[in-house]
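Structures given as structure tokens follow.
The same chain A turns up in both complexes below, where it pairs with chain B and then with chain C.
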Partner chain A sequence: MTTILKVSDLQVDFMSGEKILNSPLRGINLEIEAGKTLGLVGETGCGKTLTASAIMGLLPTTASQRGTIEFAGHGFLEASVMGAIRGSEIAMIFQNPQSAFNPIFNIGAQLTMVAQRRNIERGRIPELLIDRLASVGMSDAKRILASYPHELSGGMLQRCMIAMALISTPKLLIADEPTTALDATIGHQVLGLIRSLQQRQGFAMLFISHDVSAVAKVSDVISVVYAGRVVESGPAYDLMNNPQHPYTRGLLGAIPSAQKRRGQLTAIPGSVPSSLKDIVGCSFAPRCALADSACSKEPPLVHINQQLIACWKVGT
Partner chain B sequence: MKKVVMDISHVTKKFHIRNSKEFFTAVDDISIELFEGEVLGIVGESGSGKSTLARCIFGITAPTSGSVSILGQSLAGKRRKSIRGLRSNLGFVFQDPSGSINPRMSVFDAISEPLKLRGDAKGEITKRVEFLIDRVGLSSNQLVRKSHELSGGQCQRVAIARALATNPKIVLLDEPTSSLDLSVQAQILNLLEELRSDFKLTYFMISHNLDVIAHLSDRVAVMKDGKCVEIGESASVLTNPQHSFTRELITVHSQNLESDPILPPNFDLDHWQDGPLNKWAFQNISKFLPVQEIAPSTNPFQFHQQPLEALESLSVPNEAQRSSLIELLENTHTDAIVVLRDGKLAYEKYFHGMQPNSLHLLQSISKSMLGALFGEFIARGVIDPDQTLGHYVPELKTSVYGSATIAQALDMNVAINFSEDYLDPNSEMARLDRACGWRHNFTGEDLGLSSFLPTLNGNGEHGKAFQYCSANTDALAWVISRVLGKPYAELLQEEIWKPLGSMYSATVTLDKDGLAVGNGGVSTTARDLALFGQSLLNHGFFNDQQILPKAWVDATFNGASKEVLVPAYLSSLHPEGSYKNQWWITGSEKREIFAVGIYGQYMWIDPSTKTVIVKFSSIPIPVDPIHSRIHMSLFRAISAAN
Partner chain C sequence: MKFLFKDKLTSVASLILLLFVTLAIFGPWIAPFPKEGAGASHVDNSYIGPGWHHLLGTDELGRDLLSRIIYGARPALFIALAVVGFAAIIGTLLGLIAGYRGGWIDNVIMRVSELFLSFPSLLLSLVAVTFLGPGLVNALIALIISWWPWYARLIRVEASIVKSKPYVEISAAMGVPGRTIVLRHILRNVTTPLIVQIAADLGTVILAAGSLAFIGLGSQPPSADWGLMVAQGRNLIFDQWWISTFSGLAIFLAVLAFNILGDALRDHFDPRIARQ
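Coming up: the complex of A and B.
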């Protein structure tokens, strides 16, 4: 298997001059194989979207980045090469389709701009757009292309965004909460669409979501992030059925269901820390039932059976 | 009779479309009664009219037509002031916690505002606010903070405290957890459930999240395009939806995309019952077989714990040697054990990832539940035990069940050509499993219970010899469902599972046509099943009501007639043993009865020491005489422990 993306110890600090304001990413390690899906799951403020921004080279200028991002065929990603890669080899779809499109241009104009940027021959563009829209299940392409974003539903706009991302054939698709803003039935259709496109076109995917069940549905490998670090990573089946890290266990136990009707859900006490710059030791320790003095040091991410786990209390 | 606390009658809300003469109907003729103490869940997608309905009901906007009355008083035509008076019976919790609290107010001000509006005295207000803040799990030093200094979960706790300030009877929860993270959502759901039972609240809860609705609601109403397309008990709406939209919503919700990472990689439909796969499979039936839910009681039985210390040091005769209890439990592949003594929880242990709230497949203990259900309906005169099965289900007329009676099927003395060999893939038992959907149907025939059972034929006179045959129970489940015109799961739910005071749902697997697998398809928690055992021990009277007919329980304890021949495997273990009403009777002086399922499922009831034992296991093979003997001595040792 070839590794398409390898993120090693990615750290991001937000700076004000020389002063560190916050350290939202404190050690992200990811590896995505060609054609496979890595699900990145975690709660608000854990660094999921920022990880995607760092990979795309879209961090704000106040951010200082350490660690490496390696992309197949290009070595380490740096600002100088990103212009050629962003959008064409690594494409991205965003959470909120309504705000991802410019409200004053129609869909056709916006897709055409993207196609021109990919150096596609002018004459071929209309035909290509119709084909791409058909591949995301919109046969009524002429009408869609003439529509403005506010004239389309959330599900249709999300399909348009997927079509836009797939205008050139990317090697990696980053999907940042692609179904969160959609209704359940529409979200499910979109998820199914992404999966079937992936099977046909063979791109790898980084699937970011706070919704554990959505991640479990599409991912081959799942990585759980907490407070800017990957705390557990492993094959989807093992992770879902045999979670090891206390945070992952808590997260899976917190999913309500008819089966657990009115029973106590595992509620993790407290909430995600809002500032990550002064964390010493394990960031989950303040909320963890197992924490003791050993947790005042930061646990490394180590292999335990099929999984990678960062916890002093697992496997000892 | 349940008390109606809110009556929504034909409520319609139309909005004028700007610059036109047309109207948009957001809520279209909705009528719902809300009963005291229940949780009514409203589901639907965005734009289906959920929130507009809530606003109409709570008097925030006036409906275009229709009326709402709260605690018997109608809101319609009331002045603002008197609506305000009525509103103190109502509490509101909105979706966006930080947006629903005035950013310039401290937590104290926010919670006390409704009390000030009501004109409470200052000292009273302070006391009440301090009580509330503690009740929602915040500390009183957070009272001086403002909303931006609190996390989303803390804000929602404040909003809940504010909603409860005036001691309302009904609380509207509009997407109470949608903007919260999963781990915080669980905190809030736990809190809501705790408050509901402590303050006897009625919840009107709106959510697009089916998990949340299924977790809390007693009843569910499904909305689409302003209409209520379906309303009913949440168990039946969510497992057996009638409207196509509900069905779509549920399918989308539960369906995994083509590859399902939740099944173990080595899963195989032909071998899931055998070890070691059964350690996973028995606890996860609903992940690979269609099931129907059996909803729990709305008022669960509260266990009293009284640990029986003698059990910790118990030594059990185990073939030639003796073992400690824990050793023996491990050696017999135990998944769960619950011991009740005098109706109190005396011992409880779980293994292999099982939890007090996990369901476990009962295998043939399911039969004993069916036996009790028949006891009930026979006592009511709904079913005649001396009629044949074919009398009730004409499709069975030409089969062996055309001549065998209900009583004969219940006591397993139907003379049938049926090999109950669990390991022979060509036995009738294996065909029955295929008809139930429990194995791959490689034969290609259109196999379901309703096509398989009518093919079974007989070989002699009924009522003479005991012959254990699982198909009898499936035929009986078909009969009872046909006679009462209701799914088998619903009958178990109404007659047994709810009255028992069960805490959790149970499930029963269904064949391809939706017929319940009565012979072994029920899954329950260990504790809830122990309640069922306790009800037999109490002669059918349990949880303040006569759940099972006393005469039926007594007849079951008395066992079968001595004239019925008993096979060696039973008489060698229990010399006076017999089988009656889908229960096994030891015939010993202690008068124990028990229910048993393959791979080590047991429920043992010993009236002499008032002991009920439930043991779930995942033994690698279906039947093993050594394991059967060990279990008998284990249960007798536990029952005798003092």
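Coming up: the complex of A and C.
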């Protein structure tokens, strides 16, 4: 398989002049193969969305980035390259479809604005948009195009956003919490839609969510991030059935299930460390039941069977 | 356009404005003494009080005051539209750049605009005219210089609000270039406050242009300008009261009409701040 996106040791610091204010990303390593899905899970504030912004080249100007992002066919991603492929080869969908569209333009105008960037003949745009909306399951495309965002439901808007992202068949789709703002049944439908679109069009996907069960449904490989680092990474099946890192175990223990009626969900005590403070040693140690003096050094990411794990307490 | 006639006050203001626009366009055909309106003097007719032949009387050069006032509508409306138009264009452009780009360029534009705003606008115009020399065009430039910062600041605030909306970020992520985002999303979103501000400013600019003319730094004789006519009549106010009174009344009515319509326009576009 060919690797389509390779992120190596990505670090992001927020600066105030020459001074580093905080370092929310402290070394992210990711690899996505063509046509496959990488799921990125972690709690709020672990740096999932920031990773996506860095890949898209949309970090705020106060951020300083280190490490490399390599995209198949374009080498290392830099601002000049990114301007040409953003949206066309790497597309992105976001959470909160309700605020994703400008309330004063109709959907058609906003999709057209994106389509005009893609070297598509002007005359063919309406036809293309109707086709794209049909592919995300909206047969009533003419009416949708003439609608304003407030006239559509969250699920419909999310479908419109997916259609917008897929106007030019991208090689990589970054989905940042695409189901979080939707209710459970609609979220489930949208997940199914994304899956079937992926099978038809064959794009690779970076699927970001704090919802482990949603990630498990769509991903081939899952990476767990904690406090700006990848702590465990491996094939979805292995990781779900045989989690190694204490943090991953905690996350999986916190999924409610219809089978386990009785008993309490296990919660992870404490909260994600603030990126404002320097983190010494294993970032998860303060919340970890297994932590001891060995954890005062930062654990490296090492191969254990199929998985990559950063923990002193696993496999030794 | 129904809101232009939504109540008695607004209707009257609309009619007054319509009258002034008509006078500005068709003045030479409407004025009873077109030649005098344009400046021809009849010294033997000077200082005739209001009466049947000269409805509003004549001035010191024997010119029919009504014709002069009708001729004055055109420069008054012209200067209002030109000043507000250019100030709005310059201000909007700079405001959009400052609000969208942010950073040092925002700082530079805003500090310069503050520099301009820190002087009372009439004083600033005075200084500018003093440098440029008196005259209609120079007064116009001077007024634009003191007016653009208001637009730049208004648009900058609106632009920076719209800029942080998710749909602008998402447009960027979809590959829509910055120029298109600014022009389509942000400009469209700032249109309403812009229109309201323009409507509110038109009257104020007529007043400011009149003030410059009054102190001799705006339009020069023999052009027909309301501010100039008030100035010419001011020494005679007790004996030949009609000269200053009627030309002042023209300024008063125009400014009042523009202000009332500005309010109506604001209420129409922004119902949240409409008067109860």
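In the analysis below, the second predicted complex is superposed on the first by the 308 of 316 C-alpha atoms of A that agree within 3 Å, B and C clash if a C-alpha of one lies under 4 Å from a C-alpha of the other, contacts with A are read in each partner's own complex, and residues count from 1 in each chain.
The rule is simple: a contact is a pair of C-beta atoms (placed from the backbone, for glycine too) under 8 Å apart; a residue touches a chain by one contact, two chains touch by 3 or more.
All values reported here derive from a predicted model rather than from experimental measurement.
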For the overlay on chain A, clash or fit between chain B and chain C? fit
Check the residue A:44 against both partner chains and state whether it touches chain B (first), chain C (second), both, or neither. first
Contacts of A:94 with chain B and chain C, given as first, second, both or neither: second
Partner with the higher number of touched chain A residues, chain C or chain B: B
Can A:105 be said to touch chain B (first), chain C (second), both, or neither? second
Looking at the overlay, what does A:266 touch: chain B (first), chain C (second), both, or neither? first
Kindly classify A:297 by the partners it touches after superposition: chain B alone (first), chain C alone (second), both, or neither? neither
On the overlay, how many Å separate the closest CA atoms of chain B and chain C? 15
So in the complex, which bits of chain C are touching chain A? 102-103, 165-177, 180, 184-185, 188-189
Of all residues in chain B, which touch chain A in the complex? 45-46, 151-154, 181-187, 189-190, 193, 208, 210-212, 214-216, 234-235, 238-239, 248-249, 252-253, 255-258, 261-265, 280, 286, 293, 296, 300, 357, 359, 503-505
Would you tell me which residues of chain A are touching chain B in their complex? 43-44, 183-186, 188, 191-192, 195, 210, 212, 216-220, 236-237, 240-241, 250-251, 253-269, 271-272, 274
Hey, which residues of chain A end up touching chain C in the complex? 56, 58, 61, 83, 86-88, 91-92, 94, 96, 99-102, 104-105, 110, 113-114, 117-118, 161, 164-165
